Amino acid sequence: MVTDETPASAPKMSTRDVSVFYGDKMAVDSVTIDIPQEFVTAFIGPSGCGKSTFLRALNRMNDTIASARVEGTIELDGEDIYRSKMDVVQLRARVGMVFQKPNPFPKSIFENVAYGPRIHGLADGKAELETVVEKSLRRAGLWDEVKDRLSESGTALSGGQQQRLCIARAIAVQPEVILMDEPCSALDPIATAKIEELIDELRGRYAIVIVTHSMQQAARVSQRTAFFHLGKMVEYGETSDIFTNPREERTKDYITGRYG
Amino acid sequence: MVEHTVKAFDEDITRLRGLIAEMGGLAELAIEEAMQALVSGDEVLGNEVVARDRKLDVLESEVDAMAVRTLALRAPMADDLREIVAALKIGGILERVGDYAKNIAKRVNRIEGRSRFEPLTLIPAMGELAAGMIHDVLTAYAARDPELAREVIERDEKVDAFYDSIFRNLVSFMVENPATISSAAHLLFIARNLERIGDHATNIAEMVHYSAVGTYPPDR
Amino acid sequence: MSEPLNPTRTPAFEAQLRKRYAAERRFRLAGLGAILFSVAVLAFLLVTMTFNGIGGFQRATLTVPVDFTVAALTVPEGSDTAAATRALEAQGLPQVVRFSAEEAFGDDAGAELGADAWRIVAAELAANPELLSGEHEFALPASEDLASALAGDGQAHLQPLARRLAAEGKLANTFDPGFMTRSDATDPQQVGIWGALKGSMLTMLVTLALAFPIGVLAALYLEEYAPRSRWTDLIEVSINNLAAVPSIIFGLLGLAVFLTLFPNLRSAPLIGGMTLALMTMPVIVIAGRNAIKAVPPSIRDGAMALGASPIQVVFHHVLPLALPGILTGTIIGMARALGETAPLLMIGMRAFVATPPDGFTDPATVLPVQIFLWSDEIDRGFVERTSAAIIVLLLFLLLMNGLAIYLRNRFEKTW
């Protein structure tokens, strides 16, 4: 049973007037939002509204695009992730990401999960690495299904299992925030339900931000919802309020299917 | 109001609202005709009202089924969701209103010597008030008008006041004329039914307000 | 006439459908025809080569009985083949062998022994000194003239001798394993391919060692790190053109640059390898770039999102996935380099080299150049040797490609 209390602590990440440009084109327009530690925050909005672009700014994945430019401040635990001395590699270990299409490495299941801890030096020796891998796979709800075939290729799993593997991989580096970019849009309803249950279990331990096209999913999974439209964040509030009685006309039009 | 992208959704909602409007009209008519039968002692009319109540029952099942179907198939959000929930509740309320009118109509032939009853003049006025409340709240529903709904709620005070005075009247009458106790008792019940109809009208008004605005009117 | 219910059920439609199927059949047949033609050409090449070359692995041998009891020959105790040979030569072994041949077959036959026949006897004696106590038959190479006579060509007066000896079973073409261990010579009976083979191997090694790392690193830099600018576009166009430049131009480049820098390394595999590396590198860069481009961005995103640094992304993920494509490009480039003659001729790897190279800086020749040189010879015996050398070249090529394909399949992964 999801209860929507007010958050007890300071927000995990906060953004002030963040704008993202691709060359001259403004994709995200002055977004100010706090991401709470203990809740799942959903970003909804029509295609091209900037929600994915904004999400990618939170772990500096936009840096890989040459023409991308970010203005404004994004803070993780009070530290500006763009301007301060924070190392982008370390940032991405603290703020993990799961993508729309499951993208396990073409290596074994074990190697997929072990890669992150290995490159960051989080595990000393083989035994500790195995412990980390098992713990991550358990937390992702995948251990029982793969414990006998850890050396099989990660790409041999079903779509839903692959996505859970990607989540386990992200968890293995012990992040503080997990960003999910439409994680279920390539999955069937049963796999989707398993992922949503997993998100519910992970809530609290990690600050989770999920971008989704499905309003039902946002309604099921999140406690806070932000509605994006044409690059602006139009409304942000408790999920139950957004979906029963939104304040903004544009929000209402979108969620009742009157948009367009 | 902007239409839904999926037009069939709009058609569903329109049909649902149409059903409620139909129920409302029938309920209003039932109250009016029951009061008319009461005043004129017309048993035939009374029996018609009783028979016609079945239509309301059928319509209520239709509203139920339609609302559940729309919830399942359309996954309505925000004002659409409130609309469906309101329609579901209002349907149930209107069916009960119809039952009260039927109850009134049933008691028509139990009252003797009607011209001697002073309360018999008060009751039609109360009936008019109650019928008026139903009529206006349905207008508010059709127009999605929260202000009109609030105004209807305020009128319930008057209906309650009517009931209190009729009650006192009838009780003292019964004390003075014990022979008329059974008829007076019926009148008491009739007044009670009308008072309940007034209460139900306020319930409908609250749902209209909730559907339109998203909150219930203050001091519910 | 009523309108057809279904536009796809009219006779006009059916007629067109039949035409479409006919076109499909024709196309398939054309494709099959193309394949059959290519296979036929390939088969023709292989069959012709094999037929011509089989003889090249044989040479005419004379079976000569040598009686050591009448010759006073000794092998010094505990000496190796070279020392024993020198000792036996001093003791007159060549004359003994020639005398035995004259004894067995007549004076003219004695003159028709291969010049180095006695060395074979010496080697045997060094290995088994107990032979000196009795008689033993040796299969010794005949001279080039006798070999031609056996084949039906050459000098007329030797033909009867050859026929007689062949009839007696003393002269025949036998399998010549020494072809693979000897080096170039003037006498086709003595000639061997090992010198050129070793030269090719060393040159290919140098080429691979230079072209592969430079090519792969260049491809990585151009795809992963270089910003999109005028300069990178110019470099891309240059590399594409470089891959199409005629190979002899690289020879000129080698001559002008490498030989002025290292004038005493003329004909060395090092120089040859460097020249060929210049030629092979653009092919590897192009194949490498395409292979790297084909790695899906989702893999890179996944690695980066975990906090991998750019180098880690490249070496842990991109490169392993691009390796099959890079190896394919390398196969193509190396196969071309193996068969190149013109640039190596220009830098002087055309000399007559009688001993196999010891290292990368010794003068050497390569298989295609050796084939070219032998094909120029007048002696009829070289014809078969040339075909045999071609077969050796093809086998070497097959081996190299097989190794690369094996490596590529091992690294092939699906994503």
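Per-chain residue numbering starts at 1, and chain names A, B and C are given in the order in which the chains are listed.
Here is the rule we use: contacts are C-beta pairs under 8 Å (C-beta built on N, C-alpha and C of every residue); 3 or more make two chains touch, one makes a residue touch a chain.
Small disclaimer: the values here were computed from a predicted structure and weren't measured.
J.: Any idea which chain sits dead centre by C-alpha averages?
T.: Of all chains shown, the one whose C-alpha centroid lies nearest the global centroid is A.
J.: Return the chain pair with more inter-chain C-beta contacts, choosing between A-C and A-B.
T.: If we tally the contacting C-beta pairs, A-C comes out ahead.
J.: Of all chains present, which has the mean Cα position farthest from that of subunit B?
T.: Chain centre farthest from subunit B's centre: C.
J.: Any idea how many Å lie between the Cα centroids of subunit B and subunit C?
T.: Computed from C-alpha means, the inter-chain centre distance equals 103 Å.
J.: How many angstrom lie between the centres of subunit A and subunit C, each centre taken as the mean Cα position?
T.: Each chain's C-alpha centroid was found; their separation is 57 Å.
J.: Could you grab the centroid distance between subunit A and subunit B? Build each centroid from C-alpha atoms only and quote it in angstrom.
T.: 52
J.: Using the touch rule from the top, collect the residues of subunit A that touch subunit B in their complex.
T.: 215-216, 219, 243-246, 252-253, 255-260
J.: In the complex, go through subunit A and note every residue touching subunit C.
T.: 59, 61, 64, 66, 89-93, 96-97, 99, 101, 103-106, 115-116, 119-120, 153, 155, 166, 169-170, 173
J.: If you look only at subunit B, which of its residues touch subunit A in the complex?
T.: 2-6, 9, 75-82, 214-215
J.: Tell me, which parts of subunit C touch subunit A in their complex?
T.: 227-228, 296, 298-309, 312, 316-317, 321, 413-415
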